[in-house]
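Think of it as A, B, C, D, E and F in the order they're written, each chain with its own count starting at 1.
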Amino acid sequence: MSESGPLDPFVSPRFGQIATFLRLPHVRDPKGLDVALIGIPFDGGSSYRTGARFGPREIRVQSALIRPYHPVLKVAPFERLRVADYGDIDVVPTSIERTYALIETEIGHLLGHGVRPIAVGGDHSISLPILRAMARQHGPVALIHFDAHTDTWDEYLGSKLYHGSMFRRAVEEGLLDTRHTIQLGIRGPLYSSRDFDFQAEHGMEVIPIGSIKEQGSGWVGERFARLAGRKVYCSFDVDVMDPAYAPATGTPEVGGLTSFEALTLVRALRGLDIVGFDLVEVSPPYDGPGQITSLLAANLLFEFISLLGLRSLQ
Amino acid sequence: MSESGPLDPFVSPRFGQIATFLRLPHVRDPKGLDVALIGIPFDGGSSYRTGARFGPREIRVQSALIRPYHPVLKVAPFERLRVADYGDIDVVPTSIERTYALIETEIGHLLGHGVRPIAVGGDHSISLPILRAMARQHGPVALIHFDAHTDTWDEYLGSKLYHGSMFRRAVEEGLLDTRHTIQLGIRGPLYSSRDFDFQAEHGMEVIPIGSIKEQGSGWVGERFARLAGRKVYCSFDVDVMDPAYAPATGTPEVGGLTSFEALTLVRALRGLDIVGFDLVEVSPPYDGPGQITSLLAANLLFEFISLLGLRSLQ
Amino acid sequence: MSESGPLDPFVSPRFGQIATFLRLPHVRDPKGLDVALIGIPFDGGSSYRTGARFGPREIRVQSALIRPYHPVLKVAPFERLRVADYGDIDVVPTSIERTYALIETEIGHLLGHGVRPIAVGGDHSISLPILRAMARQHGPVALIHFDAHTDTWDEYLGSKLYHGSMFRRAVEEGLLDTRHTIQLGIRGPLYSSRDFDFQAEHGMEVIPIGSIKEQGSGWVGERFARLAGRKVYCSFDVDVMDPAYAPATGTPEVGGLTSFEALTLVRALRGLDIVGFDLVEVSPPYDGPGQITSLLAANLLFEFISLLGLRSLQ
Amino acid sequence: MSESGPLDPFVSPRFGQIATFLRLPHVRDPKGLDVALIGIPFDGGSSYRTGARFGPREIRVQSALIRPYHPVLKVAPFERLRVADYGDIDVVPTSIERTYALIETEIGHLLGHGVRPIAVGGDHSISLPILRAMARQHGPVALIHFDAHTDTWDEYLGSKLYHGSMFRRAVEEGLLDTRHTIQLGIRGPLYSSRDFDFQAEHGMEVIPIGSIKEQGSGWVGERFARLAGRKVYCSFDVDVMDPAYAPATGTPEVGGLTSFEALTLVRALRGLDIVGFDLVEVSPPYDGPGQITSLLAANLLFEFISLLGLRSLQ
Amino acid sequence: MSESGPLDPFVSPRFGQIATFLRLPHVRDPKGLDVALIGIPFDGGSSYRTGARFGPREIRVQSALIRPYHPVLKVAPFERLRVADYGDIDVVPTSIERTYALIETEIGHLLGHGVRPIAVGGDHSISLPILRAMARQHGPVALIHFDAHTDTWDEYLGSKLYHGSMFRRAVEEGLLDTRHTIQLGIRGPLYSSRDFDFQAEHGMEVIPIGSIKEQGSGWVGERFARLAGRKVYCSFDVDVMDPAYAPATGTPEVGGLTSFEALTLVRALRGLDIVGFDLVEVSPPYDGPGQITSLLAANLLFEFISLLGLRSLQ
Amino acid sequence: MSESGPLDPFVSPRFGQIATFLRLPHVRDPKGLDVALIGIPFDGGSSYRTGARFGPREIRVQSALIRPYHPVLKVAPFERLRVADYGDIDVVPTSIERTYALIETEIGHLLGHGVRPIAVGGDHSISLPILRAMARQHGPVALIHFDAHTDTWDEYLGSKLYHGSMFRRAVEEGLLDTRHTIQLGIRGPLYSSRDFDFQAEHGMEVIPIGSIKEQGSGWVGERFARLAGRKVYCSFDVDVMDPAYAPATGTPEVGGLTSFEALTLVRALRGLDIVGFDLVEVSPPYDGPGQITSLLAANLLFEFISLLGLRSLQ
């Protein structure tokens, strides 16, 4: 199966050739794929800094540096799984509603062929149509949500759809198994003391950043473990990171995760049955020349693939 | 009237105090104002690079450097006119339709009080609701449109409203006096040889960049002169500039104006009865640390004010 | 009292309107204010990188993202306190002496009206005239000083006044209660082994960075607790942060605080009677496009306000 | 033939999908191609700033903005020619000799199939192996060389091969028809008054920047016209541009071309039988966030393709 | 005399070794020197953007690219003149008065040894003490002053000394031969219609940017020619350039010179007896990664040296 | 011996004068030197991002901020040791082989005079010729190697010499005492599960990043202690740092060291007999305007010097 893996850097130097995710082949046909990396360059749901529409493009560029073997998880995922860069969904930048329809259709198409999607945003609003497709395929899914924000606000300037409301919508639409939903990394000033009422009402677990810093990732891993055996969707908003590690994001919050913590927490997902991932809110215009946010995002994609590869071993 | 002018830099250094346009007072009441600088931080109509929502904020910052007397036009506009920073229109980033309604209302409000608005975008899509308000007040207006693009495409991914179609919409809605419309600085690859058919059909004059470079600004001034005596609206898309002079814009086109050319062409508007201006498509995240695009924009705002000040002398 | 709080982002999007600190109203009249955020854009005391004169302007811009409720301290400060952006002091960039006089007068004016000032620099030299005003109002004050450097050097190229000597001057002038002075975060190469002699002589406590990293913030909080019941002034030099978290500062030192540590340490001030704050040495030209230093500074301003809000509950 | 053209931006927004040159299909089989855009990401021949190895990647990204019709040359090249992104040559960054062999082979392969190559560097040293392949196919070729430098120095620190010597090597190897070689845009300090002796000796025409600025592009076009009827190779070093227009290059020289001048001069090539192009010395790390150098380069690629398209009409 | 020239790039690559101006030897002894490049890293006179204190350092770095022969002026200056990097004057950042004394002394010291100084700022305020030293040595000197601003304002926030007043001070102190003073490139908004009264009163010639653009550099050269036979001092403020060409400066003004124009105008100084030069207001923090402002400045230094070399031939 | 130390910032401000390492004197004669800081600006061995050739230049610039006393190690190294900036080795950018010869000769020359070299790269490939010179002088040396990568790959695109293979070469050539070799900070995706076989075979100790984070620096210090009494060479690749702390490097890996951790680990070398250091892979074009990577590198140079100063006390 190795022919489907990344270009070999000992033959083709990593700064060369057309930039696909992890230098994987570009394949638009879902048949035979196990995992599809799919770009969703939509930033029309952003309330503050835009630019996430260029996320997939820059993450493709920065992912050229990734090598194929994971020494901590001890897995060579491309030997186990057929993974491809599926290209992007052609979003409609001026219409969140029509973009949602396109996303739901395309993700549903992948799920229908048994492909596990790893969606690369774009702003976080893209998670809602993905969850709609997921729920149609799997029923309500458990959720692990890395973020500085809960994204369960109700509306924004009269819009029900934006990058701060999609998990409320998802709950309202019955897409989530809220008793098996964990939101972690939450922090920053809020609008009021009632901002967590929705979580309490629906039995969603919130792990604020302070608990992670104080209890450690082992403890968080134990919290994750209660989702074992369920279909879990994982949504990773890069603003869960501290701005020092991920300056290029739409609504940065200080006091966040380090990259070592993020890697450790993601690896703590091992053992779960993850039906899909998204990685959102990378806005490249706000990065420095080292593009460290996209580089981190690229590494997280490899972590996600490795988790799926590990799962395939079981 | 001097109390209404900019803060005096010999009392208050220019790097200090809250940044308003040209360090003018912030006044939200249109009564008694002659000219209102008004920010419209909307970039939901952008087809490529976003970020113009931060245009008003950065142009305010860079405008701190402007002094109050225009030595070429020989006018001290703030001695003639009461000019203020009116603040921004509270746009809805997720809805172009609702944003349009808000813009049209607010500009209409200003026009109703006899205020000449200078709108600071935001992407170019904001010109359409301004023109709607203009036409309601003045009937169809003549137009001078600085741009690399004609912005008369029909639709974009199914949307009739975006930053490339508003002048077609304006013509369709009867807002423009198309026989007295001049689009200048036009250049760059097009979609087809038919891209100028709309202009031909409606009698709109197109001055491509090559004609400006070869014939000079004096010749362009003569073209402008045929609009004398009419109500003229002036829309200035910063991408009419060469990217060397204005890198921070949504859809840059090489081969454009230098800043000296731009200043000269804008000064060639003297004598016209300009009922309003907009300056659009400054996207600060794409500028370098010198923020030269916003600096140029700030200077153009002073040119616009000076033209109005000169007019008030007549 | 809510009318005095920040603009509501659900009505007015956060990227819009004139940038004041935390989108608060601009009020120049101290009457009725509890807390005044006041910019002091002076960088004439800098020994290395300049640019801090643009600190207040950029921190205003980046503070647009702050929400009004503090979920860790559990306080909604704008419901308890009337807080405003007081604007800037009009400094004299070419004269530290005349700038000092202006600062002392203006801060004294605020204190005379019972307003607690939060000063935003500017370089660190501005702390001295603030302390002069403080001591005139309150007598010698206790001090908590976050910094990489002690700033108790004697003179610089013949100048007694610069951003490395003001705490020595403050001690000499009797402005500080030195037995209740804590300097924390101190690190980096020094000029000689005698650099801490001044502290020893005056009974000032120095907590080097190593102690913070090893003993933790709980331990630091205990050190702070011995200042309970006194009037405490808090000076926060952003170079206490590691350059990864705050690259945009005048004299960066590696090996500093993370943003989570900084937030935790600032929150450890709860319970103290803080009569004023300053936040200094943010030099925006040295930041990347994400402007993470100013973003952190803006968050610290909210922490300071929240501490005052909490205090008002007692 | 339209199916072979760029992705349609009215279906697929330009910020989306995998970035190929001008959003063209990626085709590695030369059969049936008329023109191949081929990246050569080698910067091992650079004497000063490196980074040109990332040129092809960034130019691909910035080329997304190009539309398909050329309104000045009045040609829709993709309707006339089958053009593709051929991908990159897998260079060896540590060996200029082995890289040269790979380039010569691959370009020869394209020429053998009748494909006209447009090579995208990489540093300028890549022109030599291209010329070797050209001469093998066509015999000595005429040359039009846009550059600030003549690149006919002899050696560099003992190396005969680097980005300042390849046209001397080409002459020595008999690859060029030196009597029909024009080097234009030449400027900047030199090593000695003898630096043009080589040109004089071989009958190569040098047009310094001053002559272009004073005589105009029409005059330059006349100089080009004497190459009519010959096989002409065109090499475009982006440092022929002024650094204001192309800051991101290896050895920038002030006082160069504006982008309008460059476009006009390139269009003056019409009528010549150009057998291949290269565009070299774009070093993206030295650009600002607007990436104006790569944007200009992308536009030049479209100019080259349009010239070939025009030629195909004859 | 070649041993005193720049390091040979064919032996020592230009990106290597300690960065001195033009890779010249660092010599602190004026004996035997013809020309001294001397840094004056003072920015305490800046009214807006600071950072010019880092000008000498960055110009040294960017000057590594300069080669030793001037093909337009046809001179190899380092074969004619002994030129060195004299290092910097140790300024006092907190005191303009004490810095002035240090500058006047050091420049006087050089002049006393018959060395022609080329001073590299720093902000423009440094010209005054240089002119004091010049006048002491030569009597009142003629002046050619490249700038966007006349710098003859009277005072600033109570300070007589800052970067906008030094030529008024110089006139008042009798340092200038005002009838043989030319200020060129002047432009931008002013404070009032009286801003040129001082020039009129003292017979100083002002050439606004418009005249340069319209009349051309040949005409300017004729204006310069009337200074022949006199001792001329030349002060070059980099803000005479358009911000596209020199974004990194303290008070940028749009509509300025291109680099080709600047080079041509400087070369038009040939034939004059120039007793010293300064190049000021390069503020590196405001440049992009290409550092084009410092690169231009470095080239201007070579132009100045070449003019002196040419003069030595006479 | 103090005359040989850094320039005194209380006499000469730190932003001034020609930038040498730590503002030390530039001395090219090894006689009498104890420690030589030597730049090796070679990046021809880079497999990904180039630009490390500008490392020495920028690290010199950023090192201006360092003061002379180390308060944690309690040593004033410049009072104990004669330390100088030796300048750079004149590398050959187009030939790794010839560059290696030059490096080996020059380092051997220093060692022959009893000077301990601190080499500043450049890419990591420069360590091999340094180790050759070391082994010739001292026999096989123990090694402490800070890095994200083991750099023991075999070859790259047919080259045995590049920045990923030099420690394999060193082992093959018998330059290392492999039983006393420690590689620490290792992390990131690998090529296969066999990537550590070489280490196992040769008894080289690998400390992955996870062990450092979990066991702490005290534990690492104990690992170092087993090298006591041997000649130890220390190679520090800046990519051992997390990209948040050192974005400007050739092959960044997320999840690395913080600056506090790095300082602590380097200080844990105290007591070892270190015969030389290198600090490599700083690539300034990839840093933001704060240049935090070079600033960190400069601080590490001071740590290295301090360790040698401490050793000299014994």
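We take it that contacts are C-beta pairs under 8 Å (C-beta built on N, C-alpha and C of every residue); 3 or more make two chains touch, one makes a residue touch a chain.
All of these numbers come straight from a predicted model, not from anything done at the bench.
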Required minimum of steps from chain D to chain E, each step between chains that touch: 1
Centroid-based (C-alpha) most distant chain relative to chain C: D
Reference chain B; chain at largest CA-centroid distance: F
Pair of chains joined by more contacts [C-beta pairs], C-F or D-F: C-F
Option in B-D, A-B or D-F whose residue-number contact pairs overlap D-E by over half: B-D
Inter-centroid spacing, chain D versus chain A (mean Cα positions, whole Å): 40
Separation of chain A from chain C, taking each centre as the mean of its C-alpha atoms, in whole Å: 37
Chain E: positions in contact with at least two other chains: 11, 13, 15, 47, 49, 53-54, 90, 92-93, 156-157, 242, 244, 258, 285-286, 288-289
Arrangement of touching chains [line / ring / star / complete / other]: other
Pairwise chain contacts under the document criterion: A-B, A-C, A-D, A-F, B-C, B-D, B-E, C-E, C-F, D-E, D-F, E-F
Residue ranges of chain B in contact with chain D within the complex: 47-49, 155-157, 187-193, 195-196, 208-210, 213, 242-244, 247-248, 251-252, 254-256, 258, 285-288
Chain C residues touching chain A - in the complex, by the definition given at the top: 9-11, 13-15, 64-72, 74, 76, 242, 244-245, 258-260, 263, 288-290, 292, 295-296, 299, 302
Of chain D, residues touching chain A in the complex: 11-13, 15-20, 26, 39, 41, 53-54, 56-57, 60-61, 85, 87-93, 285, 289
Chain D contact footprint on chain F (complex, rising order): 43-47, 49-51, 53-54, 90, 92-96, 98, 156-159, 161-162, 285-286
